[in-house]
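Shared chain: chain A. Partners: chain B in the first complex, chain C in the second.
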Partner chain A sequence: MAMVHRSEFLPWLPPMGRKTLFALALAFICFAFAFPVLWLILTSLRPESGVYYVHRGTEFTLGNFAEVLREERIVEAFVNSALIATLATVFSLLVTVSSGYMLSRFTGPASRLWFGTIYVFRCVPYISWVLPLYFVTQSWGIYDTYTGLLLPHVAVHICFFSWLMKGFFDGIDPSMEYAAMIDGCTRWGAFIRVAVPSALPAISALAVLCWLFTWNEFLFALILTGNRVPMITVVMAQFVTEMGLRWNLMAATAVMALVPAFLIALFGQKYVIRGLRI
Partner chain B sequence: MAAISLSKLNKHYGSLFHAVKDVDLEIADKEFVALVGPSGCGKSTTLRMIAGLEDITSGDIRIGGKVVNHLPPRDRDVAMVFQNYALYQHMSVYDNLAFGLRNKKTAEAEIKVAIERAAGMLGLHELLQRKPKQLSGGQQQRVALGRCIVRNPQVFLFDEPLSNLDAKLRAQMRIEIKRLHAEIPTTSVFVTHDQVEAMTLGDRVVIMRDGRVQQIGTPLQVYGKPANKFVAGFIGAPAMNFIDVTVRSETAATSVEGEALRLTVGASQARALAAHNGRRVILGVRPEHLVLGDGAPGLGFDARVEVVEQLGSEILLETRVGGASVTAARVPAETVIARDDQVRLWAQAGRLHFFDPETELPISG
Partner chain C sequence: MFGEQQRFVLLLIAPAALLLLLFQVVPIVIGANASFRDWALYNPRKTWIGFDHYVAVISDPAFLYVVLPNTFLFMVLSVAGALVVGLALALLLNRPFRGQKLVQTILLVPLMVAPVIAAIMIRWIFNDQFGIVNVVLEAIGLDGQPWLVQRWSAFGIILLTDIWLWTPWFTLLLLAGLQSLPKEPFEAAAIDGTTTWRVFRFLTLPMLRPVIVVCVVIRAIDAFRTFDIVWTLTGGGPGRSTELFSLYAYVHAFLNLDLGRGSAAAIIGGLIILVIGVVLYRLVDRIAKA
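Here is the complex of A and B:
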């Protein structure tokens, strides 16, 4: 694709005008993305009576956060979500890294079969997985348990992220592994000692994406859990009751749920960018 | 002792592609052999089979008299330099150099001595703590060479190691490899598609095409007595000129005739060409064996200059002989010559090659 030279973009505008227009467009896009989050934060700071006129109220409170933190179920949901997200990330990376490596480096029948399998699962709409998984977890007796939620997450991550990992390994020169094999390593040794360290930025990026994906996930959490394993995304939705909508509490919970995701994204962005550049 | 012997070596990829066909090659201990040929000729596959990175379909590979067909690369005691350096990016230069020795559980003190020695030979002392990404292409290739040297293997394998370097650096590294081989005489196999590298580095040159060995010989042998038209055209830069001619054997002399060209052939070649009287053969003559001005009688022909390439040290001429035949000549740089000039070129006596157009084998006396 041919690159558009800057002077070819709106050529009738002077350079300063083009720069200003570009800056305004950028500011608008940033604002459009940030606006819902800002609105959410404002809502979380408003008393219950003020959530419908956030834009003109002057009364602010931290009471919503205090009320949310007093709810044992919400605290439990935070712990559960963090635990499931972390475990799902660790377990799925253990498989995804070797699976992506195999897809990238081997072209035998086993690799082709594995590629075909994850391709098929990748094509199945996400929502189509949920009902069969509900029946499977019920029949295995793991419905509404950590295992019942963890296994589907790991399975989905393996299918979705093996592709990404394959792409990362495709970008790493296999000669390094050949050199390691000549230098005294087995194939497995070359993978562990040379390929994996070289792919570390990509693996870190995948870890961040994996964690955020599980933390934000709603559908599995809704269908595959009941009362025993509350998850933050489901608990948040439960502020919609027959008695009405508790917007202020929902917003406070959402802001709190944003914090870990924000921190992970903030500190992990360096790895995500480096990883995605491999 | 680390002679390498390849016998009836074959490599198939599936049922469709036969990459290496019945390769027989004996490489003596401490010999430097260059495998050369165009892309896809099987030279890198052959090297990778020697290294153990590629399974062989049939045949035998012996290193130091021992059959290594089924040995993994780590047990063959070979070291390899790759085209794209293949340095471990997450390690420092020192750790890159130490990697192989640490795998052999060598004591750190010994490793340090070996690295100091290699670093001294290759001028790597100031680079030891850097990461590969902080090095230039030439420096990275020197580190890759150092990684081979420290292990003190039986065999060095080079897979187009100079291809990623610019022309000037390539020439420097060529000298460096030649010097290293003189200092550490180790059996070496060097794969390249560049015939200049093959000719300058190899004690012997192996020319491959479509998976088969075309000729094995010293640089002078493959240049002076090519085994077929392919070798004749591949070795030498610019490439040998090929002109279709017809043999005219007469009582007084034997000559060959092409379009606007008639050359008298020497006695020994005349005897070989007698059997081809009246038939078409391919005349081959190298550009460096064509001269301007005066030459031996019966060896001159007229040509029209089409392109003049001034190289400073010499001029390369692209000329047209008659209607279609295009030939090239190397003439002194001071020659005053321009496009469309009519010149008379003279072939040097005894420097003509003839090939059978069907078999492409040489017709020699």
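Here is the complex of A and C:
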């Protein structure tokens, strides 16, 4: 690929100028993408007295983080969010890998019907089913509990992830599975021992995405939880209205909420990039 | 009753189908039922009132002249913006240069940021008194603006936040698409000395079209239901001028405590996006087959 199309933009510029321009453009783009996060981090390191003049002070402190961590509700929210995100990832994958496999390996009315269902429900706006879900979970007695938040989170991933999984399995040659079945493997054996291991990079990519989506999700948490199961996104949004002026604490909370997501994404980046070829 | 293969097929989708039934189908049916009833949270009489809520929503000037135009404008501009920027960045990352890996990692940063956190950051950056944007503007002799309390600047900031958040998603999928394109046509074009623009216009773009269309469809449907960044950035304000459809339904159900009317709004929005979704799906199908 490297030696292929070396035709350049701005051919009238001398190579040196072109290089500088390219580097400047790159630097600008990176700056635009990273600036909000950098600014957030900087804000989180300023003491209360300096937070309104982030750009000028020279004092820095880790006190904001310590103060935030003393708030029981915030710590609890972190634990809840991490727990729900992890459980939702496990259950979503269990459910959608098999559903995507079915969509990919079988054609026929059942498969077409299931695909149509998935597509339609993928289009339905969250608000249209989460709003009444508020009543459903209340009447089932699971409002504001782990179950009541976890299962809708698994349900929301079914459509999109089944669709993605179908794409992944489409890219895997089924002849290995046929060979396994001729050698005496059952259908389940062929699926679990042959197909799933060869789809592992894609499944890892989905795991990363699923964890991030659940960790970052807001609307479900807002509607389906009250005081018993605080989630980190909701707690932060309440911050904005309740503690609107204490930007240093808000920034510290937000930075801490970014850390797990960054670690997961950094670690999983290569799987996502490899796994997402559609 | 079923053959061995049918049993296998059904078992593969059974857990997913069951969850879908319990947590999407059942609520949607209950929501549809509620939309036909006089169902306020403080006084759930639940008497049947037919299409009254639907009429109320459709004849509500706020819904018709603010919420719907906002939602469509947001959907189109957000998708177009993220597509253009995302495609440009994907093309950039597809050429080898020093530090390419680092740039790629930086460009993917927004993908990890929760929309709520993004909204909080942007709110702080555009804070009218202490935000860095106004500080910089005043330092170079311009007037700072109360960004989030004027309709169009608030709308623009919501849009900007959304594009910032979702551009990496386009970049990622388009980059994956670019890297899986066959190399021969590009080699041929290079030998012929074709210009960059013509290579892009007549080779890259047509070959990338299926990926682009899939991205646009997925994103358009998601953009239609945007809730979190608007809620955290402006709460639909100033007044109700930046409300999108999801916010409208939420406000009616949980702030005005009128579940019937909120459900009706949610169903109307759902029907609209369903029509759009089916049309877009047809489009994808035709393009994929062409």
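Throughout what follows, the second predicted complex is superposed on the first by the 259 of 278 C-alpha atoms of A that agree within 3 Å, B and C clash if a C-alpha of one lies under 4 Å from a C-alpha of the other, contacts with A are read in each partner's own complex, and residues count from 1 in each chain.
Quick note on the criterion: a contact is a pair of C-beta atoms (placed from the backbone, for glycine too) under 8 Å apart; a residue touches a chain by one contact, two chains touch by 3 or more.
The structure displayed is predicted, hence computed values, not measured ones.
Superposition of the two complexes onto chain A shows chain B and chain C fitting side by side, with no clash. Contact with chain C, but none with chain B, is seen for A:106 once the two complexes are overlaid on the shared chain.
Once the two complexes are overlaid on the shared chain, A:73 sits clear of chain B and of chain C alike. Chain A has more of its residues touched by C than by the other of chain B and chain C.
Seen from the CA centre of chain A, the centres of chain B and chain C span an angle of about 90°, rounded to a multiple of 10. Contacts of A:194 after superposition: chain B is touched, whereas chain C is not reached.
Using the contact criterion defined above for the overlaid structures, shared-chain residue A:258 touches chain C, although it does not reach chain B. In the superposition on chain A, contact of A:135 is made with chain C only, not with chain B. Legend: residue contacts after superposition of the two complexes on their common chain; A:182 is shown touching chain B, with no touch to chain C. Of the two partner chains placed by superposition, only chain B is touched by A:173; chain C is not. For the three-chain overlay built from the shared chain A, the minimum Cα spacing from chain B to chain C equals 11 Å. Within the complex formed with chain A, the chain B residues making contact are 51-53, 72-74, 76, 78-80, 82-90, 99-100, 103-104, 147, 151.
Across the complex, chain A meets chain B through its residues 173, 175-176, 178-186, 194, 197-198, 200.
Chain A makes touch with chain C in their complex at residues 1-2, 4-9, 22, 26, 29-30, 33-34, 36-37, 39-40, 43, 51-55, 94-96, 98-99, 101-102, 106, 110-111, 114, 117, 119-133, 135-136, 151-152, 154-155, 158-160, 162, 187-188, 191, 212, 215-216, 218-219, 222-223, 233, 236-237, 239-240, 247, 250-251, 254, 257-258, 261-262, 264-266, 269, 272-273, 276-278. Listing the residues of chain C that touch chain A in their complex gives 4-6, 8-13, 15-17, 19-20, 22-24, 26-28, 30-31, 34, 89, 92, 94, 96-97, 99, 103, 105-118, 120-125, 127, 129-130, 132, 135, 164, 172-173, 175-177, 179-180, 183, 186-187, 189-190, 193-196, 199, 211, 214, 218, 221, 224-225, 227-228, 231-232, 245-246, 249-250, 253-254, 259, 262-263, 266-267, 269-270, 273-274, 276-277, 281.
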